[in-house]
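Structures incoming, each one as structure tokens.
There are two complexes below, and they share subunit A, which is joined by subunit B in the first and by subunit C in the second.
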Partner chain A sequence: MYTTLILVQTLNGLQFGIILFLIAAGLTLVFGVMDFINLAHGVQYMIGAYFAFAFTTWTGNFGLGLLLALPTALAFGLLLEALVFRHLYDKDHLEQVLATFGIILFLNQGVKVIWGSSPLFVPVPDFLQGSIVLFEGFFYPVYRLAIIGAGLAVAALLYVLVNYTRAGMLVRAGATNAKMVAALGVDIRRLFMIVFGFGAMLAGFAGAMVAPILSVEPGMGDNLLILAFVVIVIGGIGSIRGAFLAALIIGLVDTLGRTFAGDVLRLFLEPGAASTIGRAVAPMLIYILMAAVLFFRPAGLFPVKR
Partner chain B sequence: MTRISKHLGLAALGLLATTALTHAQDADPMKVGVIVTLSGPAASLGEQARDGFQLAIEQLGGELGGVPVEVVVADDEQKPDVALTRVNGLIEREDVDVVVGPIFSNILQAIHKPVMDAGRILISPNAGPSSYAGAECNPNFFVTSYQNDQVHEVMGRVAQDRGYERVFIMVPNYQAGRDSAAGFKRHFEGEIVDEVYTQLGQLDFSAELARIAAMQPDAVFTFMPGGMGVNLVRQYNQAGMKDRIPFLSAFTVDESTLPAQQDAALGMFGAMTWAPDMDTPGNAEFVDAYIAKYGKVPGSYAMQAYDTAMLLDSAVEAAGGVGDQAALLEAIKAADFQSLRGDFAFNDNQYPIQDFYLVEVAKRDDGMFQTQIVEQVFDDYGDVYASECKMGG
Partner chain C sequence: MLDTASPAAKAPATATTPADAPAASAAPRPPLWRREALALALFAFFAVAPAIAQVGAEGYLLSLVIRAMIFAIAALSLDLILGYGALVSFGHAAFVGIGCYAVGILMAHAVPDIFVQLLVTLVASALFAFVTGAISLRTKGVYFIMITLAFGQMVYFLTTSLAPYGGDDGLTLPSRSTVLGTDVLENDTVFYYLVLACLVGVYALLRAIVGSRFGRVLRGTKENAVRMQAIGYDPYRYQLAAYVIAGMIAGLAGFLLANQLEFVSPAFISWQRSGELIIMVVLGGMGTLTGAIVGAMSFLFLEEILARITQDWKLIFGPLLVLVALFARGGILGFFRRAK
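Take a look at the complex of A and B:
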């Protein structure tokens, strides 16, 4: 029984990690390439979920809703870039933090004005309904498997884009030394815009994908944003590969920690104390991990080579 | 043209001044401050309370006990520090006679002392923590909902009566969550196979659900208010567990969350003092009026706020206004009004003595969802802390 539980929890951890990756990928590029702290990245995840809700309700089909939500999230990201972020690239980090925090407040209220503050509901598409039996007595929702599949596909696509295309090459070069790339005659502003829009779309995609399992509500991206920052710190700023691996590590550590911290401690402590301490320690695990990484490898586990 | 509009403006100003004057000549108008959570994930609870209160005021013709009333609404944002600022504003700037609120117990902890210190009356239409039910009870503080533990005690009693032997408890890791688990265990004597404390605000329960599936308990007991409950219920359903492991809950499936949970919550159990389908005087009219005005099925939050307004109405009338606070307090404590719940009286600690029911989620004829009474679990039930309350003595 125990091994199957570990297996199911590993799947859960993977699924969580993949959502984190989709958010962190954009964040790490924006931070790494443009040296721009975008706190509003979590809001783009929320916006993606709301777009998925709006289009799914409108078309009555989740697949169509998702297809429409993606370009809309991209367009929205580009709009934000043109209206606000473009004017902040040359400012220092404090001003970026303040301005993007303002955007969080503005958009959180904005969706509340349009859609209300109650959690909203996106139905799971029919063909992904239900759960499959992994082992005797262990059910796993098909939709969560679909998230894992879709996330891995996006990760593979990103890998190809970043490593084998000209735009990807420029992005990698930008992450290493943006000034030099600009000096070589590349329109760095346009590159920034593309990276930014793409990052916003990835976050929106993550939001749209979780809409059927998590409720869509104002502020839903705020907690994930913190985790996404933990991911890029652990993975190494600007590194897509780092973000991918770190996101999976965080997803697994968090999920497995939540389930098994008490059980592991029970080997050394009496049961009552073990579950109390386990409960207290489990939510801290990822931050302990981050602190350890910062101490031993300040540049992250998989830093961009400079 | 400009001259005409100028004259019109002057006339309007004059009219305004006269209405202001006539208003001031009326019997002492009273002011009620309503402080509830109107933003954040739990905003729908506060909206229900605000709307229920205002519906009652509207039905009473803008008066409480024949005294014109002004209602000032404030949003505590579910943050104790914000609540403190807002409630100080209600007391000092608005000079309210009575404060009605809040929704959450941790907010109550923040606003209780300032309202008591200012000598105003505080009526909680929802939060009923143990902290003010025992030795810390106060003559100026009333609760019109329940003592928090009681609702969880109902589920413990139900689990016991149904012969469940192994129960899995999952609650958020904060005071109300720990109280919930303690309340459940008060009447449940079987085995607690595991007690899981999740982070407050957690939205993905896949890890916990897998653990529940692995342990195969006879039933799950949980307390997940607001957005947490929406997610838990839907994920519980998606994992195919609803038909196999009974879902006993408190504040997890109610009218504030059902619009998002919908079919996923059908057949799940909750505990409450009331349900929209209850056959008590005025209840059907209340539910219909609420739906007509706000387009939603009222939940216990709306009902309790409505009852609070009706209680104030009866008390202000009996005390002949708000001038004599001692008389007003006595009249409130008498609770001489028709509660939508039926039986209602105040205990020594000024928390209610009332009946509790097991409720189940059902679909209404109009396609919306509501909870419905399954059976009465407790009759004229007071809380266990009341004996520690030595008011005035």
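Take a look at the complex of A and C:
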């Protein structure tokens, strides 16, 4: 019984980590390549979920909804880039924080005006419903497995794109030294735009994927934004590989920590105190981990070489 | 009038070559009332505000001004490390929260005395600032932003798990702090002037710190830490001291906030609150001290005014912040200084 719980929570942690990776991948590139602090990355995840809701309701089919949500999220990201972000690349971090915080306020309120403030629900598509038996006595929802599969596929695609295409090469070069890339005649602004749009689409994809298992509501991206920052800082800013591993670590530590911190502490403490302290410590675990990583490896686990 | 010729206006010139600093301060300076004209005008406004509010007979105005003054204290403390030390703390709300919960927890244990509570607030926030500052200051730039965020989130989640003290829902206080056993702070006017006195005191203290040798070293560290090290200063110790001072002052703001609302909640400590404090400082114009007060006032008053116009005020407020970031370099003070 206990083994099953551990297995289920491990899979949940993986699924959470995959979602975190989809959000963090864009964030780490925008941060690494453009040295741009984008607090509004979390609302792009939220926007993706709302687009998925809107298109799924409109077409009556989640697959179609997802297909439509992706280019819309991309277009929305590019629109934001052209309207606001493009003018912020040369500003310092604080002005970027100010502007992108303003965008969070605007979009969180914007979705409230359009879709209302109560949580919305997207049905799980028919062919991904129910649970399957992974082995004797161990069930797991198909949809969550589908998220893990889709996320891994995107990770593989990103790996190929970043490592084996010309655009990917420029992105990697940009993360190492954007000025040098510009000096060599690359249109760095266009590169920025592509990276930004792509990052927005990935975050939107993450939002669309979780729409059927979480409620879609205003502000749903705010806490994930902070987790995504934790991920990219632990992984090393600008590193996709680092973001992937850190996302899985954070997903697992957070999920398993919340379930088992009390049980682990019970080995050392009396049960009452163990569960109280466990509840207090569990949500802090990832931040303690992050502070520790920064203390011992100030540039993250996989720093981009400069 | 807005150009009060605050020391920060001259910061680049003096700070890049710290050796010049004594020479600069030896130059004839305008009298105190001209240098501090804006700050004095703000304090005068605060001093007469209760009388004006009486005419309007609306108690909420007074509580809005109290809130603005409390956040001005918190923003001032952030300006010391952000504006003068270039240390972008994204977890500053944690100190406000420590002040709040020091009051809340002591109240829950029937220790309502203001002096005990203040002492605990200041010691707790100083300790937290010392420990987290000692760790955070080993990192630089963006990593400093993120590690302070991490510590802020730790305090946030710690308070959400404090089940005996309300957990997620927060904790309602039975009363305000007592002074020598009397409940004199229950009188809103008395409380108002206590907050104003704290604001003026904090401003004067920070102005003195910024103008002192310590303040000049801090500014020099902001401009070029390596050079400061080369002439024999240890930037780390100065930054840590500034971080502890800022933490204690933000703790004081939390102490006042808990007393005003007679309620404390983890919501005061969420990362959005830390972001708002940064925005107040940047909005007003960082590295000026007066800017922090102007920023906190503008932020809260604008929020209030827009919220009266429409419940979707964030649709206006958000783009306003974007415009300030794009076009008003140096915040509100910088904008007016250039317009002059």
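Here, the second predicted complex is superposed on the first by the 301 of 306 C-alpha atoms of A that agree within 3 Å, B and C clash if a C-alpha of one lies under 4 Å from a C-alpha of the other, contacts with A are read in each partner's own complex, and residues count from 1 in each chain.
Assume a contact is a pair of C-beta atoms (placed from the backbone, for glycine too) under 8 Å apart; a residue touches a chain by one contact, two chains touch by 3 or more.
Given the structure is predicted, the values throughout are model-derived calculations rather than measurements.
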Touched partner set for A:A273, first subunit B, second subunit C, both or neither: neither
Subunit B versus subunit C as contact partner of A:A156, first or second or both or neither: neither
First (subunit B), second (subunit C), both or neither touched by A:A82: neither
Contacts of A:R258 with subunit B and subunit C, given as first, second, both or neither: first
Partner chain(s) touched by A:P283 [first = subunit B, second = subunit C, both, neither]: both
Those residues of subunit A which subunit B touches in one complex and subunit C touches in the other: 112, 279, 283
List of subunit A residues in touch with subunit B within their complex: 1, 4-5, 8-9, 12-13, 15-16, 112, 117-121, 124, 130-131, 137-141, 143-144, 213-215, 217-220, 223, 255-256, 258-259, 275, 279, 283
Footprint of subunit A on subunit B - complex, ascending: 38-41, 43-44, 47, 173, 195, 197-199, 201, 203-204, 206-208, 210-211, 213-214, 216, 226-227, 230-231, 234-235, 238-241, 256-257, 259-262
In the complex with subunit C, residue positions of subunit A that touch it: 31, 37, 39, 84, 87-88, 91, 93-99, 101-110, 112-113, 222, 226, 229-230, 233, 237, 276, 279-280, 283-284, 287-288, 290-291, 294-295, 298-299
Subunit C residues touching subunit A - in the complex, by the definition given at the top: 82, 88, 135, 138-140, 142-143, 145-147, 149-151, 153-154, 157-158, 160-163, 271-272, 275, 278-279, 282-283, 286, 312-315, 317-322, 324-326
